[in-house]
Amino acid sequence: MATKLIEIKGLTKKFGGLVAVNDFSFHVEKGEALGLMGPNGSGKTTVFNLVMGDLKPDSGEIIFEGKDITNYPTYQRVKAGIARTYQVPRPFQELPVIEDIQMSTIPDSIMGSFRGRAMPLEKVAKIGEDVGLKEHLSMYPRELTMGDLRRVELAKALATNPKIVLLDEIFAGLTVAEIGELDTLLQQRRKKGLNFIVVSHDLKALAPLVDRVVVIHFGEFIAEGPFDKIVNDERVKAAYFG
Amino acid sequence: MIRRLRWWLIAIAVMCVLPLFVPLGFPVSVIRLLVMGSYLAIFAMSWDMMSGHTGYISFGHPFLIGLAGYVTAFLSHQEGFQPPHIVLPLAVTLPLGVAAAVGGGMLFFFPSMRVRGPYFALVSLAFMEILHRLIIAVRPEFTGGDRGLPNLPSVVMGAIPNYYLSLGLMFATAIGLWYVSRSNVGNVLKAIRMDEDVVEASGISTYRFKRFAFLLSAVTAGLGGVFYTHYLASINPRRAFSAILLLDIIISAVIGGMGTIVGPMFGGYFLTFILEYLRPYLFGQWRLLAYALVAIFMVIYKPKGFYGIAQDVASWFQTRKRRSAQYGY
Amino acid sequence: MKKKGLQKLGVLISVVLALAIVLPLAGGCTAGAPAPEEPWKCGYIGALATDVGRSSQRTTQIAIDEINAAGGLLGRQIEYVEADSTEEPLEGVKAYEYLAEHHKVDFIVSGCIDDVSLGWMPRLLEYKIPTLDTWTSAIRCIEIVHDDYEAGGKAYFMPHMNDYDQGAEYVAFANDLLAAEMGWDTMVLYYEDTAYGCGVAEWVRDEIGPGAGIETLGEVCYDIGTFDFTPVYSKIVAYDPDFIFHICSVNCVPPSAAYVEMEIPIPIFGVNVAACSAEFWDDMGGMAGGFNATMPPPTIGLEWDPVSQALIDKYKARWTDRPIFPHFNGFNAYQGIYHMVEAAERAGGFEPLDKWVKEMEKTDQILWRYGGHERRDDLSPTGQDIKWQYYMYYGPDHDYTHSCVLDQTGEHGRPGGMVMQWKLEKQDPLEATVGIIHPERWRNTEFVFVPWIPEEKRIQK
Amino acid sequence: MEQILIQGALLSGLYALIAMGFTMIFGVGRVLNLAHAGYVMVAGYSYFWATYMMGLPIVAGFAIAIAVSTGLAVGTYLGWVRRFLNDPTIVFVSTFIFALILEHVMTLAFFRENINVPPIVVGMTQVMGCPVSNNLVAAVIASWACIGAVLFFVRKTHMGRAMRALAMDRRGAIISGINPDMVNLTTWAISGALAGVAGVFWGSYTFLVPSLWVLPLIMSFAIVVIGGLGSIEGTLAAAHIVGFMETATVLAINDKLRSVPGLVIMIIVLLARPKGLFGR
């Protein structure tokens, strides 16, 4: 069991009469990159929101590094080592990129914040450069392209020093070249021991990145396994094309 | 530290020497106005700490101010705390008033922070209205009913001593809040205004930071409230919970520039002066109408307020290159 | 491009605003100290959007113009300045400070309501500027004057009766008219929940039993924000009294209108400030017929003494908008300013304050019905002129320091009430069609019951 | 007890009418229009001006009141609110100031004295031993007629369906070809017209004074929050909860605490169930 970094058991979430996620379970091994696939509206983002604590599950539990974090508020999950990016980037509109990233490094204590224990700007800039934002650090979000905004999202997630990052549709709306760059970047990070859960309906981009794929459809678990096997699975095909 | 505070020191120096010119013909009426302006500035900054920074727009700030004012008023007024008729000295009632504001804020306002946006504004307004009604209706002999409590003791007498008192309070509040606003705490609070969920997702307890902002706001509102009450030396429900005071506070903060502390401070003085400046020229209601028109114009066309205007001016001289140089990249 | 334009606009705005703040500062600096030949300054403070505020504002102007035309006070003209209190206590304090500090006025005339006056009382104690408060009758104000007389309260004068004196007047009226003439002996005390309403009610409650032998069956107190009077009147009707004693000053139209709309079968008497206004008919939407109100003597529906008549003529010639006829506080303000100015003439100015206050306390003015300031028996049809109004300020030894005895009998005894009633139909669209029904000697119309009062509820004697 | 029931029912009908326009704007545009109660006040004055001062017939008075309040609502929307639909704070603050501007203008035009509007229907009726003014009954019948008309409009017409679509899913509605600007404008106009009717009846039920807007505004707040912002059915139910509570408080406890129970319920509802009792 010690090999499981995060384990989701029997997660269920209802919105009124609509069952968004139904008895959904999966886990991520240490050192693994997991793909979470499913057609539009199948509940992928809801699962992320549940894992991050933005939503409260109706039932089920979330276990991270052996601890039950189901009732943790979001910030405690982040402190424990989970970070996410948003499907639609949500930068702070009134802050330049570098301060936006620095926000993720501010300690969660009033006195600590006064003593300036946020990461110094040079180090923040390093994180930004790593994701390829060197030229954009002093820009405001309204001046950036979609690709750059996704990089900012990623930099913000990485700045919290996470053990696992939840990437929500990180490739949506990007050019092929941008996807390639991001892919490379994520691969590098993985080598340094970072774990991912990647949500995408873009199968091609997922392929080189993930070790294993979990498929969700109408909030229910459909299949799991290596990427190649999954794409040929009948139920998955049915979900995507039927 | 001195370098960062140099503008404050200059401002304090200028304001402190003003009364010295009174014997030379500097009008005392302006000193009086500055006292009123200082208190409005304190309230506006207090509002800004809670609402301008975190985006939880409070429509009930007079609740905190009025609560503090009423506690110190009915403990210290001539006939005393009924029925035992105990008259407490100001040294006791002032801190009790501040404590009441903090306590009332923490008991009533803070739990309301569970709801956001207009809902929070509504709840805070509701608290203000309920307190207003209760003060009139429940045991009027205790609160003075709708007549209020007149003839309260003063902390200091006269325009100039009151000027220094209000100025001291104002600058203490301003520098304190400005320091908070400039620190990482201020950044977190402003980020909460922009997108609270994302701040949570950065591993920061927004609850903790909001509570801190709220505490600061309540303390400053309470401080301002008790001294303001004793400066005016009377209190009554129509004044303590009036829509005019509420609007003055919000408009000062909005036209000064929300979330900047310096902006609302300026806004407080500006509003006090513009209202008095219009008095000789516009008859009665026309003056209030003109003031409301100016306010709505500012809100619609310059939502970032004077601070935003100042930034626009500054950005004329500051190209993006300079901006990058600021961060070294 | 657009952004540049906005920036320019921003700079323009900031420059204008900066000027807006600096200019009055500069203006204030040049004003300097007043030279001795400069005019006296009279400040007016009051709500300029209300009838009562405008009444005293306008009669103040008339009085000052008259004094100036007659050569001024001690050879110096009087300059009139005003500040709107907008009926807001906070604005009231600011307005008072504005008059005192910016204009450095020599004396102040106020038309403020109770809580506004109480709001600036501490400022009065601080500045010690002679102040004439023509509207509020709050006993709390008088208490402050009495208790803090030396601290500055002595600068305050109230040229009309305070709450308690008025209460005494209403008790007397109940005794004279309601008990003696009508033969009624039960009532319900019905008053609004304001400083004034409670203050007068307190007196009436204590005195009306022993004083007039009228039993109070119950009390109904209502909030001035009340908009539905059905439950209130239901309560009153349930007591089944001979009459209702109503006391209201701030919001009189709503309860009066509800009384008509509900056709309450019980006669209503008492204090109804709105009914003393010439606009009452229109404010009621044409439903004012039959309403009566007890009030101090200068009232609509009366034949006037020459002094008041001259004031009314000037008023009507100068202003045609609302209020078309001054409220009674307008007359008080007019007389009060003359008291102040005459006291200043005797004392050689408003400084030193003590001297002026001493002179002011000596005010002893009789207004004669036919002769005005002088007794003119020859003008009176009966061959004897009548003391119409009597102004005298209580001194510091009296509990009601600096409020006024307004005793139209002139016998220094209890003041008598005067009751006016609106005719059932308004005859002249411009003039108020009201008459005086009490006391006997000035009665010019017969009291009529509104038609829905049943026969058995009418006069019982 | 009977009195609480009767008075409560009548008061609730008027409250529902005022709160209805308020909640429609929020439902469709996601902004709170605090000037709404200001339109109610101005409509009351317009009616009084037309019928009493100008001597026009009652129908003309209604038409003028509705035209004025609709004009104000449309003017507010086209004037600036349209540009700030994504910034509720600015709409919130600016419409509050606008209500104050309306108060000042009315004070300048009609002074601050209370004015009684002659009842539209005269007389009193005894219902279960309690006096009830016919005027109020007429007002409540008219309120229900207006509410019914609005419900019909929202459910059965194309524009009404577009409003509901916009309220439920903004993006989806825009994709399916709804012009949000037009729908918003219609909503504001309808809301203004409702304020006009409400103004006439509220004015004739109570009295006219330039600060008339404050109490209806606060009560509308409480009602729409309790009912769930944007929900018409919720508003109807909540108007009755608040109306009955208020009447009971006035009759049984203290008429100075009139607005308190509604506000207390509102706070409890907001903290326990922020979407309101009937909110989605």
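In order of appearance the chains are A, B, C and D, and numbering begins at 1 in each one.
We adopt the following convention: a contact is a pair of C-beta atoms (placed from the backbone, for glycine too) under 8 Å apart; a residue touches a chain by one contact, two chains touch by 3 or more.
Computed from a predicted model, the values in this text were never measured in an experiment.
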Among the other chains, which touch subunit C and subunit D together?
B
Max Cα-centre separation from subunit A goes to chain C
Busiest interface, judged by C-beta pairs in contact, is B-C
Cα centre of subunit B to Cα centre of subunit D, whole Å, reads 32
Quick one: report the Å distance separating subunit A from subunit C, using the average Cα coordinate of each chain.
74
Centre distance in Å when subunit A and subunit B are each reduced to the mean of their C-alpha atoms:
42
Averaging C-alpha coordinates per chain, one finds the centres of subunit A and subunit D separated by a number of Å equal to 46
Using the touch rule from the top of the page, what residues of subunit C touch 2 or more other chains?
47, 49, 193
Can you tell me which residues of subunit A touch two or more of the remaining chains?
none
Identify all positions of subunit B at which a residue touches two or more other chains, and write them in rising order.
285, 288
Which chain pairs touch, all of them:
A-B, B-C, B-D, C-D
Give every residue of subunit C touching subunit B within the complex, in rising order.
6-7, 9-11, 13-14, 17, 20-21, 23-25, 28-29, 31-33, 47-49, 83-84, 86, 88-91, 93-95, 97-98, 101-102, 114-115, 118-119, 121-123, 125-126, 138, 140, 144, 148, 193-195, 198
Could you pull out which subunit C residues touch subunit D in their complex?
47, 49-51, 87, 193, 222-223, 225-228, 230-234, 251-254, 256-257, 261-263, 274, 277, 279, 282-287, 322
Mind pulling up the subunit B residues that touch subunit A in the complex?
183-185, 187-188, 190-191, 194-195, 197-209, 212, 320, 323-324, 326-329
Looking at the complex, which residues from subunit B come into contact with subunit D?
55, 57, 111-112, 114-115, 117-119, 121-123, 125-127, 129-130, 133-134, 136-137, 243, 247, 250-251, 254, 285-286, 288-289, 292-293, 295-296, 299-300, 303
For subunit B, which residues count as touching subunit C in their complex?
25-30, 32, 36, 145-148, 150-152, 154, 157-159, 232-234, 236, 238-239, 242, 244-245, 269-270, 273-277, 279, 283-285, 287-288, 301-302, 306, 308-310, 312-313, 315-316
